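Take a look at the structure set out below.
By letter and in written order, the chains are A, B, C and D; residue numbering begins at 1 in each of them.
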Amino acid sequence: MLSGEPLSLDDCQSFVAHPSCGGLCFFVGTIRDLNLGETVTHLEFEAYAPMAVREMRKIAVAARERFGLHAVSLHHRTGDLAIGDTAVIVAVSSKHRKPAFEGCEFVIDELKKTVPIWKREFRADGTHWLNARP
Amino acid sequence: MDKLAHLTPMKILCFGVAREIAGGSHLFLDDVAGGTVASLRERLLRDYPAFGELVSFAVARNEEYAEDTDIVEAGDEVVIIPPVAGG
Amino acid sequence: MLSGEPLSLDDCQSFVAHPSCGGLCFFVGTIRDLNLGETVTHLEFEAYAPMAVREMRKIAVAARERFGLHAVSLHHRTGDLAIGDTAVIVAVSSKHRKPAFEGCEFVIDELKKTVPIWKREFRADGTHWLNARP
Amino acid sequence: MDKLAHLTPMKILCFGVAREIAGGSHLFLDDVAGGTVASLRERLLRDYPAFGELVSFAVARNEEYAEDTDIVEAGDEVVIIPPVAGG
């Protein structure tokens, strides 16, 4: 899911929790005050929304199948974010804990490779689209 | 292959750094429909050399990543996907 | 921390979050309705409290040092729990995501090895102290 | 080594399944202070054979896991730690 509003860890927990699941793993990606030694004032996330949602869904389905998970929730912010704000929440649930950790890490790793979302960093020396230039 | 579609300039959507390079949310390339994604990429690099300064860029066709050998059809939604940076 | 009251994921997030951290990882262990094919009605956790708190603190310190984490929070319930209730929450924060996942998994793995907490399962066929007998 | 302490029965705390085996939150063993943890374990197995049916059990001395070679002192807080099952 893409959202212009703050993301809620509790909502993600409610979505994935189930009586048959003993292990829930969450990853929360937040905005850091420093990147590559440069002070960051704020960030902007831009998404090619329909394709981003499709790619996120593909990752969730792949993670469920590959790690035998019960449920996967993947929420990403768009728009302007301040330092400390939550950019992404991955939540997965599973019978046991090992696949929960593996599945959660798989989801965030894949998101960073394939989902068409772009991050623009605002620093004292100007703005930069992350990962764009060598 | 529709001769007219071939001649109609194709609208290509631009996000992130691509939007900055194009100077807006889209650009037009003609002579693209009916050709491969690879030839679209070449046209793009010729008309907008700044795309060559990026680490890489992909092309999406109808909300899916496209292969270089895919054919671009008139009416497709074509989007330039600069290196992603979610999370 | 040991607590007889419900555990809060939000409290754990507030404790570990920091502007210098880009990655937070959480593990939530919940009570499953089935264990080894047997239907579980509820559970009781008993702790040797002062030593449990000491061992939990040792694990948190070890995880911080070993994985270079910013903060570690480790909360475990005691008393009677129902199916779906949260037994344990591990929360860790780190600059980057890889050590966050590794550190979080280390903490829950170690907790299950060394922290003096015991789980008694109530099933239709009686009560069982988990792991106690072959 | 205090001769009197040696003779005073030592209170040993019991949790979980150990509490069930002992029939309460503690048990007393005499002739324990001044000896090793290993000999305490032997005494325990002799007086309460049901501990031998467990997968294993550890002994804690003053809120730390004890080694078999550690000496149990009078006044120590000694606890039987059956297989843990947190999480």
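The rule is simple: a residue touches a chain if its C-beta (ideal position, glycine included) is under 8 Å from a C-beta of that chain, and two chains touch if they have at least 3 such contacts.
Since the structure is predicted, the reported quantities are computational estimates derived from the model, not experimental observations.
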* Chain labels contacting chain A and also chain C -> none
* Structure fact -> Per the C-alpha centroid definition, the whole-Å distance linking chain A and chain D comes out as 49
* What is the distance, in whole Å, between the centres of chain C and chain D, each centre taken as the mean of its C-alpha atoms? -> 27
* **For chain B paired with chain D, centre-to-centre distance based on mean C-alpha positions, whole Å** => 74
* Multi-partner residues of chain C (at least 2 other chains) -> 29, 108
* Write out all the pairs of touching chains, ordered by chain label. => A-B, A-C, C-D
* Along chain B, where are the residues that touch chain A in the complex? -> 13, 15-17, 19-20, 53-55, 60, 63-65, 79, 81-87
* In the complex of these two chains, what residues of chain C are touching chain A? -> 9-10, 13, 17, 19-34, 83-84, 95, 97, 100-101, 104-105, 108
* Tell me, which parts of chain C touch chain D in their complex? -> 29, 45-48, 50-52, 54, 76, 87-88, 108, 111-120, 129-134
